[in-house]
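Okay, here's the structure, questions in a sec.
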Amino acid sequence: DQHLTLLAGPCAIESYEVCAQVAEQLKNLTDELKINFIFKSSFDKANRSSGSSDRGAGLEKGLAILDRIKKEYQVPIVTDVHESYQCQPVAEVADVLQIPAYLSRQTDLLVAAAKTGRVVNIKKAQFMAAGDLQGAIDKVIPYSNKILLTERGTMFGYHQQIVDMTNLLQLRQLGYPVIYDATHSVQVPGGHGNHSGGNRDFAFPLMRAALTIGVAGIFAEVHPNPPTAISDADNQLYLNKMRPILTTAAALFSQYQDQKESWDQDGLL
Amino acid sequence: DQHLTLLAGPCAIESYEVCAQVAEQLKNLTDELKINFIFKSSFDKANRSSGSSDRGAGLEKGLAILDRIKKEYQVPIVTDVHESYQCQPVAEVADVLQIPAYLSRQTDLLVAAAKTGRVVNIKKAQFMAAGDLQGAIDKVIPYSNKILLTERGTMFGYHQQIVDMTNLLQLRQLGYPVIYDATHSVQVPGGHGNHSGGNRDFAFPLMRAALTIGVAGIFAEVHPNPPTAISDADNQLYLNKMRPILTTAAALFSQYQDQKESWDQDGLL
Amino acid sequence: DQHLTLLAGPCAIESYEVCAQVAEQLKNLTDELKINFIFKSSFDKANRSSGSSDRGAGLEKGLAILDRIKKEYQVPIVTDVHESYQCQPVAEVADVLQIPAYLSRQTDLLVAAAKTGRVVNIKKAQFMAAGDLQGAIDKVIPYSNKILLTERGTMFGYHQQIVDMTNLLQLRQLGYPVIYDATHSVQVPGGHGNHSGGNRDFAFPLMRAALTIGVAGIFAEVHPNPPTAISDADNQLYLNKMRPILTTAAALFSQYQDQKESWDQDGLL
Amino acid sequence: DQHLTLLAGPCAIESYEVCAQVAEQLKNLTDELKINFIFKSSFDKANRSSGSSDRGAGLEKGLAILDRIKKEYQVPIVTDVHESYQCQPVAEVADVLQIPAYLSRQTDLLVAAAKTGRVVNIKKAQFMAAGDLQGAIDKVIPYSNKILLTERGTMFGYHQQIVDMTNLLQLRQLGYPVIYDATHSVQVPGGHGNHSGGNRDFAFPLMRAALTIGVAGIFAEVHPNPPTAISDADNQLYLNKMRPILTTAAALFSQYQDQKESWDQDGLL
C-alpha cells in the first residue's frame, strides 16, 4: 500500500465511551493524514501478570462495543484471541484477528484464526528470532494468506525488554507486511512487581526509527488518560499527542517509500 | 517428602508400546531406588515450531493410552493441557495437570486446571524471573493449593537457552515443591532451523547440580531410542541409561536432605 | 554543532595507500555535504579473537601514517589506545583518543587519556547499560571535559549482539555528544569461530534509525574493498557507497535538528 | 591432581592484617582438609565502577604485603595484572598471574603474563562463550602451557549476571584445569548504582553445583567482615563460615573424582 497503516486504540475495552473517544479522534486525524486506520482494543487481558488485575469487558460485551465502534465510525477492527473457540465469534466483528506474542506457537489457535478468513496478525514472541515466525506463517497459509507480522520487542535478561530493529528487516524478508508495535515494545515486564511498567517516552523515538528502517504499519495503544488505564498505564500514548506523532509518522513513511527504489538500486535497502 | 520425585516418560505419546516400555522399566527402577515415580507423556505437542511436525496421539486416544498405563503399572500420571476445555477430561485420567511454560500466564487455563482439584504443575516460562511465578500461583490458589513449580531453562539471546540455577533457590522461597526439568533445560530452541535441537550430554551434569542445590523432584523425558522420537530427539534421555542416572540422583537427593539442617543452622542453605 | 560529525576510515592501518584513498574521498564528500569529518584508523588491533590475526601497523609506524594523513588531507584524527603508556605519544598526532569498549572501565587508561588534553571518545562496553558510563565519565572529568560517548551494540546471548536504540536516548542525558558506531554494532562476535563476522547490510538501516532518534555523529569503518580488509571484513562499509549513505545521513541529521524544538515543546523528544 | 585447589583471600589488599588473618585461617583449614591453597588478593582494583572508589594498596605496597604473606604462611600467591608492564614485577612474587575477565582478549597482556613463566589464570569474560577462550589460550601457549581457566558468570541483560554451568563442561574440553569463581559469579553489576551488589547467599549453593559437575578448583573472595570490605562487600564470604563450606567442597570434589570413571564408562560424564 502507498499509505501508512495504523492499528491503534485503548489497550483494553474499558467502556464504550473511552473506545468512542479514541476512535473518533483517530478516525478524523488519520483521514486527514491519509493513514489506513484500524481500531484496536482487547476484550480480555488474558495473561495479566496478576489474576486480580482487571481483565476488561469480556468476550460478549467486548464484541458488542467493538461492533458499535465499527459501525458508528466506519473503521475496521483488530482484536486479539486467546483460545481457539473465540476465533469464530470474534471474526464476526473483527477484520483482523491478532495472535498474542506468548501464543504465537499455539498451532490450534493459529489454525482457528486462519480458518475464519480474516486477516491474521501474528505477534512475534519476546523469546523468538525473526526467522522463527516462519513456523507460525506455515500454520496459517494452508487456510489464508492474509497475514501481518508484528514486532513487539524481545526479552533481554529478567524484567527487561529491548527492541532489536534488525528484526524488522528480517521479518520483511518473510514476505508479509511488517507492523511495529510502538507501545508494547517499551514495556518493562514485571517493572512494578505484580504488573508491568513502561517507558512511554521511548515510544515515539523508536517509532521514528522503525519507520525510517521501513515498515508497513504502526501499532500503538492510545488512551485519553493513560495513567488511569486498567492496563499498560506506563506505556500507552496520550490521545492528545497523536497529531504531532502521526504527522511525523506519515512523513517518515512517505520518505521511506520515496527513497527505497534508489536505495535498492544502490544495494542499500 | 523424604523421597525424590520423578516425573518422566517419553516426550509425546507415540504409541502404547513405547509408553508401556518406559513405564515398566522406570516403575521397577524407581521402586528399587525408593523414588516417587509419576509417568509423563504428552497427548498433543500443541506448540511445535513447525505445523507439519507430528503432534502425537491427540486428546482422546492419548488419554486412553495414559489410562491404560496408569492401571497396568499402578503409576500416577502427569500430562500437559493447552486450552481450558481440556482440563476436565484430562483430569479424569491425570493426577497432575501441567501448564506449559509458554502458557504459564494464561489465566483461564490456570484457573481451569486448578478447578479440577488435581495437582497443577506450573512450568516457569523461558522469559520469566522466578518471582514472576507468584502471579501464576495466585491464580491457582483460590481453587487449589496442590502446586508444583518447574524450572526448565531461560532464553539467552536468540536460539539459546541457559539454566540459571539460582531460580531453584528463588522458586523454593515461593513455598511449593520445586521440580527441575532436566531435559527441556538443555533444548536448543530452533537449533535445527524448523525444529529444536538439544544437548543431551548436559542433562545429567545439570541434574546433579540441581540436586545438590536442593530440589524436590526431577522431570525428564526418557525414550527407548531418542534419535527416533517424534520430538526432542536431541535431548530425551536413553531409557537404558536411567539406572546410573537415577542411582546418582537418589543419592544426591538424600545427601541434600541429610545436610540441609546443618547448612540451615550455619546460614548456608 | 549544527553539522553531523563523522568518525570514519579503515578499521586497521593496513597501509598508507589504503588510508590515503579513504581519507581523500571522504574528505571531499564531507566537505561537499558539510559534515565534520574525523579520520579514524587503528594502529593496533589489540584484542583480536585470535593471536595469529594481523594486528596492523603498530604504534610507531601507525602514528607516522596517521600524521601524514592528517597533514596531507587536513583532517583531524581519531585512534584508539590500549594501555596507559600509549596515550602520550598517540596524543601528539591524534585529536581524539578512543577508549575501546572492553577497556571502558580501566581507570588508568581513562585517566591517562584525559590528561593529554585531547578529546576522549569512550565506547560503551557491550556488557554495560547506558547509565554505567557515568563511572567512566567521572574518571575523565577531573582532567578534561572534552568527551564523546559512543554506542556500539550490546551482547545478547553468546555470539550475538543487538543494538538497543534507547541507549542513545539515555547516553544523551549524560550531557555529552553521542556517537553511533554503525559498523561495530552489526558485528557478529565469534561469528566465524576464530574471528568475528558481521551483517554489513544492517549498517545503513540502523544508522538511519540512530539519526532519526537523534545523535551528534556517526562512526563507521570504511574500506575500498572490505572483503580483503585485515579485520571486520564482514561489516566495513564500501567506500564507493558512501555518497548515498552520507547524503541520507546528513539529511536525517538536519531533519532531526529542525524538528527537535517542536518535539521538545510537545514533550516528545 | 587428586586434591581440590582453592584460590581465596580478601578481594583487595586492604592491609597486611586483614590478609594475614585470612591467610592463617585458610592455611590451617586447607591443610586439615587436604586442599591446595593459593592465597589471592588484588593490589589494584583497576576497573572499579566509580573512579572515587578505593583501589587498594597499589603495586609496590601490595606486592610487599603479598610477599610477606607468602613467606610467613608458606602459601603460593595469585593476583591479577592489568597492563603489560606489571607482569614482570608481579611475577617476582606471585605464582599465578590472573588475567581479569574484561581483559581476557588483550593480546599484549596475555603474552606478557605468559612470558614470565608463571601460571596464567585466564578469567572468561562475562560476554564470552566458553569456546571463545581458545583464542586467549592460543596467545599464551607459544610461551607457556601453565594455564588455568576460570568461569565467573555471564552478563544476562543489563545489571544482571547468571552462571551457565554448561560453561564448566565446555571449558574442561579445552584441556586445562577449570576453576569456578564462586563469589564474582554472584555479583550484581551496577546493583548499587555506582558500585556492584551481590547475592552472597547464592555462592555456596552454586559452588556445590559446580563441584558436582566437576571442576579442578574453586575461587572465592573471603573476608573477616565482608560488609566492611572496600570492594565486593555483598558477595565476599565470611571467613568464619569457611569450615562448613570447605568441608562440603572437599567432599563433593572427592565424590566427583570417585565417580567420574564409572560415569565416563556409561557415557554420562
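Each chain gets a letter, A, B, C and D, in the order it is written, and its residues are counted from 1.
By definition in this document, a residue touches a chain if its C-beta (ideal position, glycine included) is under 8 Å from a C-beta of that chain, and two chains touch if they have at least 3 such contacts.
Source: prediction; values computed, not measured.
Fewest steps needed to get from subunit A to subunit D, stepping only to touching chains, is 1. Greatest centre-to-centre distance from subunit A is found for D, with centres as Cα means. More C-beta pairs in contact connect the chains of C-D than those of the other pair, out of B-C and C-D.
At the subunit A-subunit C interface, residue numbers used by both copies make up over half of all numbers present, so the two copies contact each other through mostly the same positions.
The geometric centre of subunit A is 35 Å away from that of subunit C, both derived from CA atoms.
Taking the mean of the C-alpha atoms as each chain's centre, subunit B and subunit C sit 48 Å apart. In this assembly, the C-alpha centroid of subunit C lies 34 Å from the C-alpha centroid of subunit D.
Touching of two or more other chains is recorded for residues 156, 158 of subunit D. Those residues of subunit A lying in contact with subunit C across their complex are 154, 156, 162-166, 169, 186, 199, 201-202, 204-206, 208-214, 241, 244-245, 248, 252, 259, 262-263, 266-269. Chain contact summary for the complex, subunit C toward subunit B: residues 156-158, 160.
The part of subunit A that touches subunit B in the complex is made up of residues 46-52, 55, 82-85, 102-103, 105-108, 110-111, 125-129, 131-132, 134-135, 138-139, 142, 155, 158-159, 189-190, 194.
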